[in-house]
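First the structure, then my questions, so here it is.
When the chains are written out, they are named A, B and C in that same order, and each has its own residue count from 1.
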């Protein structure tokens, strides 16, 4: 069975498992966990384009999540606006804030940019705490539910899963075509990116705004899932968590960060000593990955399989086919 | 009003000290480490632990803070920097120092607790000492001492001159027989000690609090960026500006928008003069 | 009849870095369908001139023009868009992508697929991508990398990397391609193959600027040659003329 068939089969099996999850998952708690993974993944899939593809190390996305959550809680909860519309507005606002943050900071070198995003998330937290009338300050706000049929845990699970699948599809489309290559060139060799004509700043900004939209949507769904949000929910360590999911899963891939999200969300729940260690564990994991397999765990599997089944690389000489070259150069459209 | 100024200067000098620490680390490794703020946090926490919990004289607390900072600095180089610099991927050190910083912050939180605990008095003084309160002049004095000390170190000592050589051209330094790995390690240990010292000196202002780490990393960085990377005088100016701005803003608008104002300052400076007030312009090679 | 084809020109270019003068009143013109060699000892300003032509530096005085368009201050991306491609002395590839993906990146400026259109995978996007992949596959076979099309770029050897850079440049459908020491580290046979490829580029109407240290190689395949020394041009003209010029010989034997 070749690797393409294996891939398709695994995806199919995965899809069936996901679709049938409410029926094989043990209890409500696990269903809630699965929905949480889907909600996180919506944000992380978008952030993946920023961190994993264009290589911009944003550690402030919890701020955008927070904006999405509070927007939803205020619109759908306090103001009684239709939840579906509220989700759209949350996404839009997330995108706008992404634009506002990205415009000045994406031109800055790596560390400066990371600090700017960290500062952003701290500012959002400050504003949320300060605007007590709007956000409930330290007390927080309730996160309203969606109308039928999404008001039940199973219904909500299917809602967020459907949205997550849609967002995954969007990012997959970007990743596998020209934009994906352009993004990766920005990450791995910006000089080469310029040389072929990639508008480096504009591309970074596009990815960033996209990630703002997905963060906004994720925030809205997050508020509804958790039923109550407070400023304490949106700590810097949550930004780190998103970030670590991507790095551990492997930059430049979609499935890697997805698996990373699943594992890192589920792990502390399943292995309770880890839950106590909390964010220390994420830090440790990130350090280990960076030192040992910086390309992510996915790459580690590749390295292992290469050790087990070494593929000899056949070195052939470079023999130009000049006729073919001449023909190829004649094509001018 | 004078209180506002003095408070602002005092906290500003903590930020300035952290900016100095950034400079020392950057000079030999061209790395801006996320662990920088955490060095101070560790200094404050260990100092408080030794004095308040172990009931030892404050000199031991000072020593403990310096040692804790130095050890952490050493760890930063050994774990997060050394192996990472060898690889070609430029920003891996950002991830590794971020990871280490998180581990240390969370670790301290697990051990020390998540509530800010008061930092003990070092010299007997009434709490109503007003402007002359040690919580003000300790950090201010410390920053000045550190700056002068570093000046002396760079100009008059062998190691200091090697630092400067490395910061200007590490390749050439290595070609002249300088063991750049050892020097870098030394600079990290030194900056760790300085960071721990700064955190200890400012402890009465900040309290011993595990969550200070990331905040100080950011605010120290803002002081650094405003003053200009590589300039110690710039660090003092940047720190003072940031501290005073925070202090005045707290006084006039309430303390709710401190971060917002701090970042506002940074953004304005970076937009006008990206290399900071006293920083050098970089030449970009192809 | 046909319009006089546009030349890529450096006109009286001077470039100073701080107090250092890297180039002093140098002129060079690159015609479509010619191979133009640029030689000179280390420090002569070859790379600086290359960087000025491709947009990584701006001239202190003088102009860079493509036909009538003044490119002196144009961005690197703009030059890519008007058909100026370049390779790098140290190949700048994307290590985690395949050879095919690396080369296809070159087609970027011809892509009309917007971000949103790509996200929703419009049929036009899929068609365009397939077209680029097919065209690049042909180019890769053409330069001799057909046997490694799907190999990851960080597994390539030195020669393969160099040829891949050229293929990526060709995927840009350039009118001019500036080669920065492409023969560095190649075996004699590989240099032969490189010559053949360059010859084919020439007959396809592409203007090739060849910056090189291998002077034999340059004189053999160039139509015209420009020689620099310490930032000044010392001789330019037909390849044979320059090769036998006494001052050129002195500069190279004395260097």
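We take it that a residue touches a chain if its C-beta (ideal position, glycine included) is under 8 Å from a C-beta of that chain, and two chains touch if they have at least 3 such contacts.
All values derive from a computational prediction rather than experimental measurement.
Colleague: Determine which two chains are connected by the greatest number of contacting C-beta pairs.
Modeller: Per-pair contact counts point to A-C as the maximum.
Colleague: Going by C-alpha centres, which chain would you call the most central?
Modeller: A
Colleague: Select the chain at the greatest separation from chain C, using centres from the mean of Cα atoms.
Modeller: Result for max centroid distance from chain C is chain B.
Colleague: Quick check: how many Å separate the C-alpha centres of chain B and chain C?
Modeller: Each chain's C-alpha centroid was found; their separation is 47 Å.
Colleague: Measure off the straight-line distance from the CA centroid of chain A to the CA centroid of chain C, and report it in whole Å.
Modeller: Centre-to-centre distance between chain A and chain C: 38 Å.
Colleague: What whole-Å value do you get for the distance between chain A and chain B if each is reduced to the mean of its CA atoms?
Modeller: Chain A and chain B have C-alpha centres separated by 32 Å.
Colleague: Specify, in ascending order, the residues of chain A that touch 2 or more different other chains.
Modeller: 191
Colleague: Among all residues of chain B, which ones touch two or more of the remaining chains?
Modeller: In chain B, 286 touch at least two other chains.
Colleague: Report the residues of chain B in contact with chain A in the complex, numbered from low to high.
Modeller: 32, 34, 79-80, 83-84, 87, 89-92, 94-96, 98-103, 106-107, 110, 214-215, 217-218, 221-222, 225, 256-260, 262-263, 266-267, 270-271, 274, 286
Colleague: In the complex of these two chains, what residues of chain A are touching chain C?
Modeller: 169-171, 173-174, 177-179, 181-182, 184-185, 188-189, 191-192, 194-199, 206, 210, 252, 295, 313-322, 324-332
Colleague: Which of the residues in chain A end up touching chain B in this complex?
Modeller: Those in contact with chain B are residues 55, 57, 59, 104, 108, 110-112, 114-116, 118-120, 122-123, 125-127, 129-130, 191, 236-237, 240, 247, 277-280, 282-287, 290-291, 294.
Colleague: Which positions of chain C touch chain A when the two form their complex?
Modeller: 54, 75-77, 80-81, 85-86, 88, 92-97, 101, 104-109, 111, 113, 115, 118-121, 125-126, 128-129, 132, 135, 138-139, 141-148, 151, 155, 157, 159-160, 163, 168, 170, 172-173, 189-190, 193, 196-197, 200-201, 203-204, 206
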